[in-house]
Amino acid sequence: MHDVVTFGEGMVRLSPPGHLRLEQTHSFELYVGGAELTVAAACSRLGLSAAWVSRVATHPLGRMMANRAREHGVDVSRIVWSDDGRVPLCFRETGAMPRGSLAYWDDGDSALSRIQPGDIEWSFLADAKLLHVGANTPALSAAAADATSAALVHAKRHNCKVAFDLHRRYAGNIDEALMVHVDVLVGDAEDIRRAFGVEGQPEEAAAQLKERFQLDVVAIPLPIAKGVRSGVWTGIVVGDKLYTDRTYDLEIVDPSGARDAFIAGVIYGYVQNDLDMGLQYGNALAAIKHTHPGELCYFTEQELRDQIETTGRALKR
Amino acid sequence: MHDVVTFGEGMVRLSPPGHLRLEQTHSFELYVGGAELTVAAACSRLGLSAAWVSRVATHPLGRMMANRAREHGVDVSRIVWSDDGRVPLCFRETGAMPRGSLAYWDDGDSALSRIQPGDIEWSFLADAKLLHVGANTPALSAAAADATSAALVHAKRHNCKVAFDLHRRYAGNIDEALMVHVDVLVGDAEDIRRAFGVEGQPEEAAAQLKERFQLDVVAIPLPIAKGVRSGVWTGIVVGDKLYTDRTYDLEIVDPSGARDAFIAGVIYGYVQNDLDMGLQYGNALAAIKHTHPGELCYFTEQELRDQIETTGRALKR
Amino acid sequence: MHDVVTFGEGMVRLSPPGHLRLEQTHSFELYVGGAELTVAAACSRLGLSAAWVSRVATHPLGRMMANRAREHGVDVSRIVWSDDGRVPLCFRETGAMPRGSLAYWDDGDSALSRIQPGDIEWSFLADAKLLHVGANTPALSAAAADATSAALVHAKRHNCKVAFDLHRRYAGNIDEALMVHVDVLVGDAEDIRRAFGVEGQPEEAAAQLKERFQLDVVAIPLPIAKGVRSGVWTGIVVGDKLYTDRTYDLEIVDPSGARDAFIAGVIYGYVQNDLDMGLQYGNALAAIKHTHPGELCYFTEQELRDQIETTGRALKR
Amino acid sequence: MHDVVTFGEGMVRLSPPGHLRLEQTHSFELYVGGAELTVAAACSRLGLSAAWVSRVATHPLGRMMANRAREHGVDVSRIVWSDDGRVPLCFRETGAMPRGSLAYWDDGDSALSRIQPGDIEWSFLADAKLLHVGANTPALSAAAADATSAALVHAKRHNCKVAFDLHRRYAGNIDEALMVHVDVLVGDAEDIRRAFGVEGQPEEAAAQLKERFQLDVVAIPLPIAKGVRSGVWTGIVVGDKLYTDRTYDLEIVDPSGARDAFIAGVIYGYVQNDLDMGLQYGNALAAIKHTHPGELCYFTEQELRDQIETTGRALKR
Amino acid sequence: MHDVVTFGEGMVRLSPPGHLRLEQTHSFELYVGGAELTVAAACSRLGLSAAWVSRVATHPLGRMMANRAREHGVDVSRIVWSDDGRVPLCFRETGAMPRGSLAYWDDGDSALSRIQPGDIEWSFLADAKLLHVGANTPALSAAAADATSAALVHAKRHNCKVAFDLHRRYAGNIDEALMVHVDVLVGDAEDIRRAFGVEGQPEEAAAQLKERFQLDVVAIPLPIAKGVRSGVWTGIVVGDKLYTDRTYDLEIVDPSGARDAFIAGVIYGYVQNDLDMGLQYGNALAAIKHTHPGELCYFTEQELRDQIETTGRALKR
Amino acid sequence: MHDVVTFGEGMVRLSPPGHLRLEQTHSFELYVGGAELTVAAACSRLGLSAAWVSRVATHPLGRMMANRAREHGVDVSRIVWSDDGRVPLCFRETGAMPRGSLAYWDDGDSALSRIQPGDIEWSFLADAKLLHVGANTPALSAAAADATSAALVHAKRHNCKVAFDLHRRYAGNIDEALMVHVDVLVGDAEDIRRAFGVEGQPEEAAAQLKERFQLDVVAIPLPIAKGVRSGVWTGIVVGDKLYTDRTYDLEIVDPSGARDAFIAGVIYGYVQNDLDMGLQYGNALAAIKHTHPGELCYFTEQELRDQIETTGRALKR
């Protein structure tokens, strides 16, 4: 019995120390990420029972991805281990104004992109409350698109809710047919414009989609970059009404995974029928994620509650 | 013959590199601190003859604490080496707005907390100008409180001045009886409120205490945090009159030890009967301490004078 | 339903890089260990369902211990999280002939040493095949000794087998009354001599104990050190008969955890009624553990089988 | 056939990690620099054929300097390798407001300072478009001053243009006789004041010099420091007219080499008769140089063009 | 005009620090390798004019490969830069007896494997003395096999000699038709057996091949592993006669690239018609390569000559 | 009142991590050494009152040298701080058989080489038991040679004993006139041959010198290298009789400072009139020094005694 099941690709991120450029570095720091793995890890830390489903290469770095998920309490027993396909990599260097941070994906021919029909037996979703997938998963390959469809169909058939992240990189190639299964949609104005051609302010565009696809919730991340090192985070949710929250001033260490942390918070609220709390958790989580390295967010629920209750400035130094 | 003797606990600080969270790290950087050790080290660098008195475990990390003090020129020959008791540790992670930095103290059952009457022969204070202790020392244990009392009594008996830091964490448990021995008190409005229930603006509260306890000097650190990475430092001194000084805009690397650096500057001025100079040294020292890692401040007197004479903005890059 | 449950203390090991001495270092590398945690992790990697039971402080390093166990697939849901007590630490420096490696334990007042009757509900052992404890666990405190007794009594009552490691450091203080519950005993000639005053060759001493305590198995690690960097590993098992195995020539990187890896292999064979295979696995595991840093052994079952089938010299470089 | 030849000293920079002070560090990071080496490297990356001419000690660090230049595509075949003289070193620590960064040069008795007449056969300048030297080169020694004169005389004789950087540290000791050979002069108002006693706004002072020495171009770097971590960069060029460009807001990582990057951009435009483009390239290069460690700038021409076309704020994070 | 041209793939090697296993590491050290790049670099250091020809992705790591080759003096102007295809990676962990070192290649879909006919204009080989290729190059893809054939055909047509390494991993798939172009063959008894089914002692098998393919030279590396950390190196050459050399006792740090260093030495002798010297250089180079990390060998010709003249034991410590 | 005063140069050693070659490295680890500083530090750790006398540049690395000496308890108050002259550097890379370790000294124009007559007031030697100098000190410059003579003359005049190390690098240039002041001479057969042309077995050559210069003691280090990583250490002393000691089998980490550690042990015994104990201490110290990085030996007297009493093989792993 899972509260949340996520389906997608893990990846190993390789980053030069500090602000060294990729071409210049002589070493890499390793972090494990992947949008759906990250969402599952944050959900697990929030106390939900979470599983991450994927197809992973039997490679030390494949095991590393599973280990890291497991470290955060994620159930990895549904992973399909494969002897073919690669472990997705991402080379990421940290910028400083005016040079932006850059990510070079080396994720072709991944084990998940080679998924076969029947590799995953989706019937276990009958015992799950929510399935989360991002637009990146069906974009991997025709086979991955088929698997995503299968997952969503099974979820719906078994009364398992579906959350879907439009995901900036892949928003332009969303298969609209998937939307019929979706309950919780994640995206900002630009994602929505790319995916569905809907223009306008995020809350209006969200309201339009909500009606068009009969969604329960549209969750909208609204970060503002002031530089590579500083910015502001907030997010809003369009559900039965518009939910808004405080903004967080950020001294940014690493923004990776902040969007996924936000999603985890919203899902946490959604599965407990408390969108207001979910939004607050999501925003606080996203803010905290900016303050330490890596995609995966390290926090305790107590810290999160403290964060929500204090102002951003009343911090210990 | 010592200008300054300090009495208190050393500690070894263990910090993850950069902004890694404690739970997430795979390595620690080590720094040696402890409020009184730090004050002694800064006094020694300022040219005073300084000794640090403590009870330290015969453990490699205990020797490391003494070595680091000795490196700064501090006389460690008065340390009582013990086969019982622990070396105090402090795990400290660096935050970034909105997440504050966090310190987890693991300093229970320290060698100093097990001090025995007679372990330290305080008569050598007869040759010292000033003894400095913080509220943390008597707070360690009943035995440490007794030893602190004994030290202060001996100091006063031998015309050795006494400086006492209210120390935020322990300000609420100050034994007011100690105050009769004190000449120089360190604390801000909040410390004073916690320790003595005196409310009000720092200079007013200080003036009140000065009269009540017949103090020579109250030194008040007045830092303002703007974030984890930036802030402002100044301090003031209430002595024969109110001394104020410039403020320093700070790009903060590590605020640890800044308060102790400030105290060292004030003591330096106090033992030379030049509170104005002492305040300027204290503020400049505290400002410089924010700019490099560790509790102990690395500086030369020349650098300090240059700092005082330049504006904070006219810096070399 | 668990194949193996272990009960004991986790610890965080802090080691200087390379061959730096503790007094000399400016950083530490972190590893998670603790004999029973380590045994559970190796059992889990061998494919057994394993749980580690302990009382752990709600501290980032406490969570780190649980995370690391979880990373290896160990069930940590039986951990009792406590707000009191410390996270055990071990400072370990690596020697080189003629200077031996040294470990300084800083494990006083641990959360587990403060365990309360009833903190752990041992009835879940009814669903377990084997409980493993080492002599270090009852040695922590009277409370921990009581908890160990309770665990062994429950295990026996529910037909759960019991493995017990005499553990060099604590072999001299074994409560012989515990032996009545034990099925698998681990110790070498020196451990046996210290614990029970039985002298003689290890296989003979083991045979004597086997009869005296009606043991199923005595597992005997037989490492020979040639220096800090090289040595030889083998182990034997006295069960229904004497089982012996090849020896492994070792280029030693870190011997920590090798004994526990050996125990895991023996347990693996024991719960599957194949002591011969168990001994081979245990020896190969112990050999591999010497070749990489840390207490926890990183391996795949395939690598283990390859190791067993090849000679020690026919290695890839 | 070279587009650009530079003549001057390379150096190895030794910097403590992060913000550690030099006195405090236990390790150094190495970077290769030297103004003329740096200019040649940036020119080479811009697509020009560039050679760096120097006299370098046959020492591993000497080879390291040549290797690093070669890595950027610089022709190092004109280096005179010597068995006498040192490899210049520079110890540099990074400050934080109010403590400025500090450089301690240890470059006495360098191999280049011992250059002999005839060591370099300058006739190859007949095939070069431009020779670049900075005021630091003739300041090394009388021999180096003679070699610089010889180089400039040869350049002019063979219709090779000459660029000359007044270089803050040495601007006060410029031999004005060299100016007769110069076509492109680099310096800001302070450099010009020190070198020639000309006061006033940079563009006016530059115009005055332009006429006095019949220069083609005066390139003026105009950085503004806001702290050690932030500032603003722009530069202007006084040529056939006054060229100005946008300013760049900077999150500063390491300003080393920014001036040289700017010079490389101006030279790039100058040898292609497009000062406007050269200024834009120079400013963008200088801005990018601030964002990563080291003297040498790592960039692609595509990145540079992207930088010029975007605003400083529209960055990826 | 080149003395040596090599054709093949570069790669970036990612290795955990020390003896950490891949699954266990949190960082990687980077080294650039690739058999033909490595041979070219060593030839260049020996004073030959060397070029490395390849098809490389326009990626920071692609530029890193070219930079590293260039750092060693290799001409990289013949590289075909491509927007498609990957940069080959190799994850390599260091073992310790009995665990061997392991390499996981992630080199599928490389830029070179996608080479197109005409991408490289081989006519420049008319000005080269020798072309070196290994069996790994044609094994990449049909396209790479075609390119290899084209290269060898051009070489022979223009009187450029050809060296060919059977390369253990790919020896089993050699296209025997290529052998008609080859002058210098590299391989040991096992390579020869796999490639041509010829059994027997290496010198005999070599002599047989020499006749069969009308080779000038067969170079045979003969390392003996005693463990991961120690071994013995020698190699022999079958040319106009059998050349043998001393053996080197090795304290092994990293054997990567040793075979290629050996090849470079043999080529150096071959192009100068001094096989005896070439063999000595090759063996000394291979021995030195074992003593420092990375594929590329850092040495000076002077060091090499010193190595040849001293015994392996008379070393400075 | 000092037991031991040493006079000579400190230095900062810069070493690449692990086995990286100097040309290849991107970082350095720092260690403080200098033969006389090292001897003083080891003497201080043995419990003697020790001072290190030198002329040191007012530079962060100069302060670092003094700090490190002070950390070991050495009195540095006799240092003459100078604004001229350099801090001596030594670049040292670690070899592996057959490549020996290499040191590149960059110690020209040191502050000590510029010493002026009268800089040091040697009369304080009247309160010292022994002065130690090595042949490297007078070899620095004529001024340093004069200062060395002055020191020895003063020592003798005040009944302060003199120890002198022939020091391999400088043994060939010893001023024999100095020998008249010497009581304890350090050197092996090769040093003695170079210095005085005396051939033969070390104990015989030593006996000859003892008579010729009326020495009390000749101490002879007798290390045998088996490789860079392994070797054997012993030393002997020719005093009133021949003293010999056990040999130590070594797993070598860093041999730097081992000779100085040996000297410190011999001095320790000499000033206490127990050459037998001194030799044992010296050999044990030298052995331990091989097992950790750096010139300075980190040990406790207890460890030393344990080392002497155990055999080299009975080590903890």
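For reference, chains read A, B, C, D, E and F in written order, and residue numbers begin at 1 within each chain.
Rule of thumb we're sticking to: a residue touches a chain if its C-beta (ideal position, glycine included) is under 8 Å from a C-beta of that chain, and two chains touch if they have at least 3 such contacts.
Predicted model only: the values in this text are computed from it and were never measured.
Touching subunit B and subunit D together: A, F.
Ranking all chains by how far their C-alpha centres lie from the centre of subunit D, first place goes to C. On a Cα centroid basis, the chain most remote from subunit B in this structure is E.
Distance from the subunit A centre to the subunit E centre is 44 Å, each centre being the mean of its Cα atoms. With centres set at the average Cα position, the gap from subunit A to subunit C is 39 Å. Chain contacts: subunit F has residues 21, 23, 26, 63, 67, 252 touching two or more partner chains. According to the touch criterion at the top of this document, the contacting chain pairs are A-B, A-C, A-D, A-E, B-C, B-D, B-F, C-E, C-F, D-E, D-F, E-F. Contacts from subunit E toward subunit A in the complex involve residues 14, 21-23, 25-30, 59-61, 63-64, 67, 86-87, 89, 91, 93, 104, 106, 108-109. Residues 63, 67-68, 70-73, 300 of subunit C touch subunit A in their complex. If you check the complex, the residues on subunit A that touch subunit B are 248-254, 287-288, 290-294, 298, 303, 307, 310, 312-313, 315-317. On the side of subunit D, the complex with subunit B involves touching residues 18-21, 23-24, 95-102, 225-229, 231, 252, 255.
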